[in-house]
């Protein structure tokens, strides 16, 4: 299996509901350094997994909907705890939708698997990995 | 699959038996920066893989049995080469036992897979990954 | 000149006032990975710059006043833009006060210089460095 | 599953053919920081996945055929785009051949899986992972 | 002294003249991860060293003149060994010129010192640091 | 001022004397990732601070006297606490002696300043920086 990984970041505010979160129930924030790994079994005719410039632009677009925002007030996230795990899934779904729309180019249709990792500090991160199939971004 | 990874470290002395180890047969030491990745297919009702504070405390406890010690004199490790690979397994078993005891909370029972990585320098690391099932820490 | 550097982090929300900040005028957040470097010309009788455990505890204390908070609502920061640069100074002043109080031990009185760096992402950081002298934390 | 990862690097020039590469169609270059992860289900009698010194030497040998060269002029790569993905495969095949020749010692015959990652910058990397079986280095 | 550091990168080909360079006399290449640290004694009225977005854009512009090129054929570098040290100076001069032109905003005139670091691999880097004064980019 | 930094590592055992060290009074160990930064005001005729291959070899030699050893039994260190700070100085003195002997080449005589940093974990490091002058390695 081949893969390519691209990195970007976002800076957000949020708060969590639930005693398990302790002081993180207060409004606070995070820098998420985001790695997206795109996997396919064979390379295309150019010798690549995907057009890396398009993958980076798609990631920038996905993150721009969250970047420099208070996630407690983002309608599409209403009623959910925007933990690192949940946000890894949100980024995954956004990238999967971009692939389905063709934003990463026609060759990206061969991508079979994707892993999204959000590094929230030098000592903690969260990931979501799944197969990539064209589907509505429901959860 | 979702995952959460937490990081801590330990500083130990040890020596190895076997010609393959060359100068590492002498008493020397290492800092191991330890990453523990906990995986489960779905998130709990709070939107998390596990209570990250509990996971970090469990890891600190597991490492405290080895930290600042000469592993050549730790009874539970007697007769074994405490290579990075072997220690990755020791940390894995310690974390699995903590999960089985409920130290990471009841939700941790949903953890299916765990990967432990020990970084021994900027150019070398070792990992052990396996399914997590409740079992005595024997090997 | 000898130095010792310790690292910790904090996760905060804030917003900035001023057109120069663009989208960062909105409420957002950051993880700051914080490095504190303590410098002195000679080592003490134990061969150290400072008791590193005390330095880490002092840093944890300084960060705990800001960690998991919305800095827009922290009274001691009212009316200021809590940029990375400003926060580097706030951490500097907090550590300098801890040294002056003796929290890092009597040997810490020999510390002459301190540098505080806040890493806000994988591509940006800010620092404040100055001489360390006992003084009130006013600015 | 156990694994050991070793790191080295190479510095090469190359150019790409194909509009998808944009300015990278010009002659340019890269530092590739290369991680090779070797996996096997059980450890040998010494408690290791592989003799790490031999693994590092084998990697150094594989990279030495490419290091400090213009890959556009390396005969064995003629007619191919030497993308990070393709080079990950080239390093994989070189390491697999070294294992098959016994360069990593007889115990390395138990290695079942290998993952090669080339970091081309702080924001992009490529990997190739596959089972390891004795075979000619054809592609 | 306050400072802000921004990071970007470039990927270039080049060769060196001189026996001291050994195999690096051949045409090869490098990824340079570039850190630019800008220093001034006091913050401006917004609480910043410099508009970080403008600093990143200026760095991108400076690197774009070298990025994805064979430096052996860049006229402005003719007759010089484009070592990491020399390129650190080239980036320094480019950023100093951008500051002098006002590209980083009027507040950047207060910048007194700049340090440019080029990371050429995980084990080697080079830096150039100097005072910043408006001057022609001669060397 | 120009500088070049090279990185290597060593893995040692040791123990400390003094209540301030707490559990580190026991025999334990560390991996030290070592950075040596060499500084001079101007480059030589080849456009370099120093022959980087010779600098790396000199560092390897200096570390080889300590690597894979129990520092409590190294005669030249008898009676001293081999803290990170003290070892930074030991490496500094070893590199300064190598420069004085000409091991880094005649051009290295122009090196004016050196900084040695030992990273003992992902959260702590120690440095020693001083002018470089030919002198006996007394302390």
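Each chain gets a letter, A, B, C, D, E and F, in the order it is written, and its residues are counted from 1.
Note that in this section contacts are C-beta pairs under 8 Å (C-beta built on N, C-alpha and C of every residue); 3 or more make two chains touch, one makes a residue touch a chain.
Not measured: the values here are computed from a predicted model.
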| item | value |
| --- | --- |
| Partner chains that chain C and chain D have in common | A, E |
| Far-end chain from chain A, centres as C-alpha averages | F |
| Homomeric contact chain C-chain E: same or different residue positions, threshold half | different |
| Rotation angle (°) superposing Cα atoms of chain A on chain B, nearest 5 | 120 |
| Centre distance in Å when chain B and chain F are each reduced to the mean of their C-alpha atoms | 31 |
| Between chain B and chain E, centroid-to-centroid distance (C-alpha), Å | 42 |
| Per-residue multi-chain contacts in chain B, two or more chains | 7, 122-123 |
| Chain B partner contacts - residues on chain D that touch it in the complex | 1-8, 37, 43, 46-49, 51-53, 56, 105 |
| Contact set on chain D toward chain E in their complex | 7, 9, 11-14, 23-24, 26-33, 67-70, 120-123 |
| Chain B residues within the chain D interface of the complex | 16-18, 20-22, 80-86, 88-89, 122-130 |
